[in-house]
Amino acid sequence: MSKGKLTIAGREFNSRLMVGTGKYASNEQMVAALEASGAEIITVAVRRVNLAEMGKGCMLDYIDPKKYTLLPNTAACFTADDAIRTCRLAREAGLSDMVKLEVLGDEKTLFPDNEELLKAAKVLVAEGFTVLPYCSDDVILCKKLEQLGCAAVMPLAAPIGSGLGIRNPYNLKIIMEAVKVPVIVDAGVGTASDAALAMELGCDGILMNTAIAGAKDPIAMATAMKLGVEAGRLAYEAGRIPKKLYATASSPLTDLIGS
Amino acid sequence: MSKGKLTIAGREFNSRLMVGTGKYASNEQMVAALEASGAEIITVAVRRVNLAEMGKGCMLDYIDPKKYTLLPNTAACFTADDAIRTCRLAREAGLSDMVKLEVLGDEKTLFPDNEELLKAAKVLVAEGFTVLPYCSDDVILCKKLEQLGCAAVMPLAAPIGSGLGIRNPYNLKIIMEAVKVPVIVDAGVGTASDAALAMELGCDGILMNTAIAGAKDPIAMATAMKLGVEAGRLAYEAGRIPKKLYATASSPLTDLIGS
Amino acid sequence: MSKGKLTIAGREFNSRLMVGTGKYASNEQMVAALEASGAEIITVAVRRVNLAEMGKGCMLDYIDPKKYTLLPNTAACFTADDAIRTCRLAREAGLSDMVKLEVLGDEKTLFPDNEELLKAAKVLVAEGFTVLPYCSDDVILCKKLEQLGCAAVMPLAAPIGSGLGIRNPYNLKIIMEAVKVPVIVDAGVGTASDAALAMELGCDGILMNTAIAGAKDPIAMATAMKLGVEAGRLAYEAGRIPKKLYATASSPLTDLIGS
Amino acid sequence: MSKGKLTIAGREFNSRLMVGTGKYASNEQMVAALEASGAEIITVAVRRVNLAEMGKGCMLDYIDPKKYTLLPNTAACFTADDAIRTCRLAREAGLSDMVKLEVLGDEKTLFPDNEELLKAAKVLVAEGFTVLPYCSDDVILCKKLEQLGCAAVMPLAAPIGSGLGIRNPYNLKIIMEAVKVPVIVDAGVGTASDAALAMELGCDGILMNTAIAGAKDPIAMATAMKLGVEAGRLAYEAGRIPKKLYATASSPLTDLIGS
């Protein structure tokens, strides 16, 4: 519905919402939620699928490869080496050359280890992968990831699974000023208004999993997120009214958030 | 799309978004924006239409009465008497018995004069009007308006035309706890995420005008608002994940906003 | 320490912090907290003191009238009549002509009943009282209270005892633009940064009770609040740096809060 | 005034406020502001002083070494090598073994280059420096810096010189949970309530420069900051009241900010 399409590494996508596959009550529920979300890119934790079971009823078999672009991710990898190995495995299994690169810093907060991330990104780009790195909302890091050849940057909005929403829109704004690759918010959103706000800030896309899979009604929430992303993007393109203390105030307020 | 319908004074509506008719570049643009918004209730400032011109190409003739519920409002009234007279005029002209009651306190901020509002509401309810009052986000006032027989309360999110969004979600929560009539946020939203947030808080509906009519592309923004309201309502019904400092934290955060 | 003094009805005060006397563990603790707060104006709920016991060891006897300006208040009054009667009682008992006028809307939220407040203020001003009304953060109401002859307006920051802090700084800003009498934030602050923020917004003073009396260590919190108020006022007078996305950004952000 | 002292690398300090020396109109103004701030630790950009001029009327000669602990910093260093060299220079000039380590990522935003920071910290700790690193508010990074042997971590509240205040209190909370060394907020505060809030969150100290030197009246602002830090620390130690929707609400709100 929105005019501008999301372009990652030369490929165009109509939906700006990407979703994960973890934490669903059943594969059937997952399929229905994916469908409801309107997502075209579906991310899968390589370490959580049994690649040997592909084609024999494993979770991956529920995801129609003609309909969706599969995005293998390196969830549960805590070193560059682990993450690199996992990406190679995904490629060998024929999953994809485009990977969501995660190198986690600890099991408790699931924040990225950005130092290891840089190492892994360097190797993987050199090996021809299209790398989409999950990272902190740190402009210097994002510029480095872009310079290394990553196809996008995926700063977190808040800790994975926290549902806290966009904790630091200022950092996202600064990142968007500084890099040319798509900025895709990854992790931390909790509800539809969070998704809309991310898009209104000008982010190119958003990736989420827990917010949908962990909702009381995941399928309804998947629809809500789809609508929230579309609403936010359209509002961004439509050009909102300025903020003012009251309508007749002469000078607009410019606090960035949603402006 | 959402399960629960909005019921006002016994009448059911599918859309929870109500929109105004002011400030459009042309009547054609207005019609297109109304259509895009999906709104079923359209509010019109009685003082700004020439009732004598009805049927001869005035603005009102652009709004299909079979498609929309017309909600006359008393914009530009600064006393109870003015507002009462304006409602009677609307009724005599055959517009509607359901009115959006505004009694403004000044021309600069457009905040309501709640003292005059109470006087006007009392008289109008007694005269058989279905009264929807635009008011401050003040729980005591809202309880009084309900006790007087108003069919809903319409607390402001922020000053009319300010685009500041939901300035005090805590007050809205307290009002929703205290009254049984629908709580419809009126005035102050600026963009789609504001609309989604209002619905996620549990508000029953939302009314806006400037945020749509004043956007660079009003028709795109009308669509964005329609989607934002649907997204927020669906997210509210879907039951969002709790907020936590990080996913493995044992205790959820409860800060109300969007929770 | 700050240059400008607080002037109410022609009387000058060095401290911009006013405190209440309720909810302390003992009168001794109260005295120590009053002392630590540096407050010069102490408010007392007329309905909670036994005026007949004055001079015989009641709470009031703990407050040195040479040191403090006693400000009787009408806490626990729910109608204009109740509040008026209570003020007359305070005057007859020789307490003061300057009163903090509260007319509460309900026992649950302790929000003001602004309609009754206006009635009571009108009568009390006519009877020669110096009236300081606790009210909603509503600019139209504050202008009416000023026009009635109130010596200040005391909008709430958040519900009494909630500790939520300044919920709507925008409303306070609008009120400060509109009235000439002192704007004293009354109710809702929870901690020292809330007090500092109120002063940075330009408020003339702040009144609190629960935030001090309800702290684990009320005397330490009283000192914290004294310092917070002084810090905020000084910062306001010192002229803070503009907010910017980063230091070299050409345009400042103007979001009002603390600016 | 507050009970707990700040301990860094075994040294105790009464003041939790550290200040810089840049951007003052004159050395005299700087001296007066340092005095007003009550700071005991004063940070100086090694690259901006002419070490050869020491003792001949340079800026450093204005800072009494008996009164203040001088903290050389590596401002304007953009690589680990630069920063290391600068620290060695400071040591050779007899300035101090305790250094504030900055490795900036770019001249525009002044965000840290955390990758280079880790490299520099490792070398400097090995060379016997007491290293206080300016870093992102990133828990994984802070844990690494602690493991490398840094004596504190100094996460930014917002970009240097931005005056935006504590942009992400959640991240600071997570860092405080994760590390045992002092957490000192460095950069980004704009006014006294920001300083108070940082202390209320439980941070051990705060370092600032622009917020004081850039204020219209730097000396008044230095006093405001001193009071704000004391107010916030005392409030933290005093144990604030819980946040509630209103005083009689049964469950407290826990949104972290200032709680």
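Per-chain numbering from 1; labels A, B, C and D assigned in written order.
The rule is simple: contacts are C-beta pairs under 8 Å (C-beta built on N, C-alpha and C of every residue); 3 or more make two chains touch, one makes a residue touch a chain.
As the structure is a prediction and not an experimental result, all values here were calculated from the model.
By the document's definition of touch, common neighbours of chain A and chain D comprise B, C. Using the mean of the Cα atoms as each chain's centre, the chain most removed from chain D is B.
For the pair chain A and chain B, the fraction of shared interface numbers is greater than half, so the two copies use mostly the same residues to meet. Taking each chain's centre as the average of its CA atoms, chain A and chain C sit 48 Å apart.
A straight line joining the Cα centres of chain C and chain D is 35 Å long. Among the residues of chain C, those touching two or more other chains are numbered 109, 159, 164, 170, 174, 245-246, 253. Taken as a graph of touching chains, this assembly is fully connected, with contact between every pair of chains.
If you check the complex, the residues on chain A that touch chain C are 170, 173-174, 245-246, 251, 253-256.
Of all residues in chain C, those touching chain D in their complex are 1, 107-110, 159-165, 190-197, 200, 210-211, 214-218, 220-221, 223-228, 230-232, 234-235, 237-249, 253, 258.
Residues of chain A that touch chain D in their complex: 105-106, 109, 111-115, 118, 136, 138-141, 143-144, 158-159, 164, 167-168, 170-171, 174, 178.
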